[in-house]
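Presented sequentially are two complexes of chain A, the first with chain B as partner and the second with chain C.
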Partner chain A sequence: MNTDRTKSFIAFLVVPSFLLLAAVVFYPFFYNLMLAFGNMNLAKMRDWQFIGLRQFIKIFTEPSQPDFYEVFVRTIIWTVVNVTFHVTLGVFLALLLNQKIKGKAIYRTLLILPWAIPQYIVALTWRGMFNYEYGSINLILTKYLGMPAVEWLRSPTEAFLACIITNVWLGFPFMMVVALGALQSIPHELYEAAEIDGASWWKQFRNITIPLIRPVMIPAITLGIVWTFNNLNIVWLVSNGGEPSDKTHILVSFVYKAAFNFYSFSYAAALSLVIFLILFVFSMIFMRQSKATEAAY
Partner chain B sequence: MATQTKRSRFLQQAATHLILVVFALISIFPIWQVLNISLRPGNQLLSTSLELLPANATFQNYVKLFAERDFLVWLGNSAFVSLTVTLSGVVFASMAGYGFSRFRFVGKRAGLLSLLTTQMFPGTMLLLPMYIMLIRLGLINSYLGIVIVYSATALPFCIWTMKGYYDTIPVSLEEAARIDGCTHFSAFYRIILPLAAPALVITALFSFMSAWSEYIVAAQILQDTDLWTLPIGLKSFEASMSTEWGLYGAASIIVMIPVVILFLALSRWLVSGLTLGSVKG
Partner chain C sequence: MESHPGIKVQELFKETETLRSAYVVGAMAGQGPDMVYGPSDPVGIYEATKSIRPLEDIFPANYLAGFDSTSLLWYHGHLYQIADKIGNHLALVYNKKYVQKPPETDVQLIELCKSIQSKYGYVAGRPNVYGITWNYIEPFFFIPFYTGFGGWVFGPDGVTPTLDTKAMVDALNFVRRLRDVEKIVPNEADYEIADALFKDGKAAMLINGDWSWAGYAQKGIDIGIAPLPKITATGLWCAPMTSPKGYSINANLKSDKLPMVVDLLKYLLSEQCQLETVKSLNTAPTLKALYHHPDILANENLQNSLLQIARGKSMPVVPEMRAVWDAMRPSYQAVMGSARTPEQAAKDMQAQALRKIRDMNE
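Right, the complex of A and B next:
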């Protein structure tokens, strides 16, 4: 079908990327798979053996510090709360920006800022802002709002809330930009026609806006969920490695700690694999489900 | 009747502006905080006031950063690593994306799916095996290691973006060029690549940002202070019991400014590059 010349051109285009990916993504993936069925740790770097499913059994049945199921539930809460806020705030702000208003470009620029700043700076800065005595959050709460100061980083719930606030702040611009792009591609005549038919704002939003931004938002939301589920930076840096007493971990930070603070390599590898499988199954179902509902429109 | 709709429109506009101003302030707030801290003189670092600019604002933290710390070394390291990653990201992604967009070949579907799947890997799944391999190869303190890791982790997303954008460019353009006697390569290089400029810009931006802002991998692989990139350096200001807030603030501002400017300057393309990619993805 393809001539030899075309074949070698295709190879020229695609092979370099796949060689790179093979070395740095696919090979480690299989290495991780192997490790997950072994018993490697710092003491057994070279003479480790395959021990079958024992690491997985350990994850699901043996008590760990912190508890696997607790961390799992926290990760779900983390993901759902964050993505819900990202999408609602993003779409809401995009709707506001999609009107004819003065200073639109300036607003848009300012609202993209949280996305533009490197994540680790965001995390470290917010950690500073959550400081009990000198952090600006508590200063605002006590000086201007007359509320008591909050022990943001020293109690588990508040520390986790601090991580969520930071991540909501940094994540809404992505959804806003995607939603804005989608909104701009909706033909104006649709709204004019709806206006003539006397459709209310809400009706227009439900029957024109949502169905038309859906095909763009669904992939973005899927990506957002996967990124948030796997977001190690924010939790690790805002809570300083799961403090207080490992009560703020989500699954990835838990694995990171197991791997690089406790050097339980095989255990961490098995846990990484579990996370990957959760996300893989979820994405397949989510994409299929939304394809099905899309067809119904 | 007419005045009433005019009035409600005015109210609506006012409410819109109010909400946007509030959110804009929330967006700026942490940046203002960092700027404020960076300008404080040494004896006021732990101030509890919320002034717009600190009293006796000074640049001494900035001077100290360059004069007494290895900041320039970190800056150079980060710039080198990030630019290398950007260059390789743009070259590889623009080529592979084109291949996936225009040709049919064995393993294409599997290739695309595997690219998508890599997005679901938790960072540790690649980092841990890489770390163990680098220890065994004795490459734990090297740029080569980190450049390869960064390039490869940003690559799948970049290839998808490029592919999505190429998909929107009509094939008839190359067909015409081919009839005029162009080779595959020159049709790609001379005709399609310039048209894909917005997507190239996005790819470059993402590759650059991912390397410039990466902490987690760097913290494990680069242990020698001479090799530190900016993120590890900045974290070190906060690592000990007493955080050096002034230095941290000054360093953050310097690190942040180029990427923020770059990002905002390119934000016009951000919308088209990203959404076209995802619509057609």
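Right, the complex of A and C next:
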């Protein structure tokens, strides 16, 4: 009787969350899956049919604007460069903030600030700052550093660089906060013992700090990679939808364009499934290889 | 709203591009607003997705007869939109502080811009006041140059793109020349930059649409509106695309709500509302009864705007137009970024437009 009541109580607690998950995760996921095997586009919006793997074949074999493989390589560069800077800067600043310094709370607040501002505002502000003639970046370069002005938003490489700079600025506070939390949980005695043994700062960092923050940082890096890989806002808003000439797209902005500019819903659904599989496989391998789930102590 | 005190009308603003996508997605899901207001070009897409309903059975013929024929958007045999404004077009906006007489030809335009720039001087090689500016990211703003050189986006059948043409190459060369050789336009200008330059008095002239003009006047700028100049080499006027801007009714609207929506629509299209809009925004009305209204006849800017509409070309409402915009944008930007020659860009535009249309219909 008691067991039945316990089971009912558990079901009572679980069912609402399950229904919510079904509505916001499972249904859209399976609907996307169905669309990916169909031909829903502008002409067949209401009477689309299943066409098997044709959308996937189209993604990998037919030329597109922008080119799928070009966008894929750009997405890898985007993710690697961004996450590298996020982690390096984040851990470096966390190490500084973990020291006994005056005004630590103020520095911490200032450094978290980029994270606290809505992405849309950040992206549009940076876009303005990258303007060739009136943007503050070029004004600093030309007026104070004596360098030539850069055509940030007109040339593909520079426009992509502008997106990366914006996202680096926006993304390092997250890694900094995570790393700081991990650093503060390391027992100080370990460093004291290492100092008695004559270990240098570098040796302490390599043998104590890195191994002990790793269990926290690996999931954070995994999340960072997934978020960065799928970060539509920054690329879309800084480059104004992939400009110039669709040369700044990453996969997710390409999906958005295919769906909401070209109304190729099935093509976009197939492409988003490809992205999902890439990230799923990557996360599994990365978590396993990095032994992130193993205890540090 | 006095006649319907129990009804609350909610208005939701979406920027034109966002509106199109958001409305289609909403209507496809059986949702969306009861009415949608905007330019006529997405009507083809709304029709293809069955997102809007025909209006000819709802509004009697004698009511519709009061409107200028260009404001009633018929497509595939059905009336899908009734406009309260005609135009939605680009024209030359000039600041009277810098420009006394607007240019009538491209040659005059270049001369005038150069004289303004030299009069107000340069700082670090950049003019204090640019002669002219516009958004040269969006191909919509390029169309007047294309038409000025004798081009048009579709062939006689109205759906086959005609972008790989001599007119396209000439127009692209011309626009690039204005920036790189004549140096009368800023190095970079999207909509916001062009708008800000004009508002800040850093550009003497601007190419922008009728939706923006009231904002410049409110900013305290003494503006004049003039038709876009003639291209001397061809003898053709730069013709912007024109389109009605109006209301359509959601295909999902329940029949019990329809009478109220119709009442609201009639109110929004009424003489009183249109006259108010004309006075505040300088836009062209759609009710024939207003064409000889003294306020309209006495408004010089509005008369010039009407002249520009007369010289304009109607924007096609076919869904293929979407493919043309999407095909033009990257190549046009590549030319402006010096990453592609005009000849190559014209070829790419055409190939992409054909491919996108094929994708759209397969």
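In the analysis below, the second predicted complex is superposed on the first by the 289 of 297 C-alpha atoms of A that agree within 3 Å, B and C clash if a C-alpha of one lies under 4 Å from a C-alpha of the other, contacts with A are read in each partner's own complex, and residues count from 1 in each chain.
To be clear about the criterion, contacts are C-beta pairs under 8 Å (C-beta built on N, C-alpha and C of every residue); 3 or more make two chains touch, one makes a residue touch a chain.
These numbers come from a predicted model, not from an experiment.
Putting chain B and chain C onto chain A via the overlay, clash or fit?
The answer is clash.
Quick check for you: in the superposed arrangement, does A:Y120 touch first (chain B), second (chain C), both or neither?
first
Which partner chains sit in contact with A:S245 here, chain B, chain C, both or neither? Use first/second/both/neither.
second
Is A:W169 touching anything from chain B or chain C once the two structures are fitted on A? First, second, both or neither.
It touches chain B, and chain C stays clear.
Output check: A:A220 vs chain B and chain C. Expected answer is one of first, second, both, neither. What do you get?
first
Scan A:Y132 for contacts with chain B and chain C and give back first, second, both or neither.
It touches chain C, and chain B stays clear.
Please determine whether it is chain B or chain C that touches the greater number of chain A residues.
Of chain B and chain C, the partner in contact with more residues of chain A is B.
A:F260 contacts which: chain B (first), chain C (second), both, neither?
Touch status of A:F260: both partners.
Which partner chains sit in contact with A:N39 here, chain B, chain C, both or neither? Use first/second/both/neither.
So A:N39 only meets chain C here.
For A:R108, is the partner it touches chain B (first), chain C (second), both, or none of the two (neither)?
A:R108 sits against chain B, while chain C stays out of touch.
A:N230 contacts which: chain B (first), chain C (second), both, neither?
first
So the two structures are superposed on chain A. Out of 113-121, 131-139 or 149-157, which stretch of chain B collides with chain C?
That would be 131-139, the one stretch with clashes.
Let me check the overlay on chain A: which residues of chain A are in contact with chain B and also with chain C?
Correct list for chain A: 45, 128, 133-134, 260.
Residues of chain B touching chain A in their complex?
13, 16-17, 19-20, 23-24, 26-31, 33-34, 37, 46-48, 50, 92-93, 95-96, 98-100, 103-105, 111, 114-115, 117-133, 135, 148-149, 151-153, 155-156, 159, 184-185, 209, 212-213, 215-216, 220, 231, 234-235, 238, 243, 245, 248, 252, 255-256, 259-260, 263-264, 267, 270-272, 274-275, 278-279, 281
Which residues, counting only chain A, touch chain B once they are in their complex?
Contacts found on chain A: 1-2, 5-7, 9-10, 12-14, 16-18, 20-21, 23-29, 31-32, 35, 40, 45, 93, 96-97, 99, 101-103, 107-122, 124-129, 133-134, 136, 139-140, 143, 169, 173, 177-178, 180-182, 184-185, 215-216, 219-220, 223, 226, 230, 232-233, 236-237, 251-252, 255-256, 259-260, 265, 268-269, 271-273, 275-276, 279-280, 283.
Can you tell me which positions in chain C touch chain A when the two form their complex?
These residues of chain C touch chain A: 21, 24-25, 28, 45, 48-50, 124, 126, 137, 186-188, 190, 192-193, 319, 322, 326-327, 330-331, 333-334, 336-337, 339-340, 352, 355-356, 359-362.
Which of the residues in chain A come into contact with chain C in the complex?
39, 41-43, 45-46, 65-66, 128, 131-134, 142, 151, 153-156, 240, 243-247, 260-264, 267
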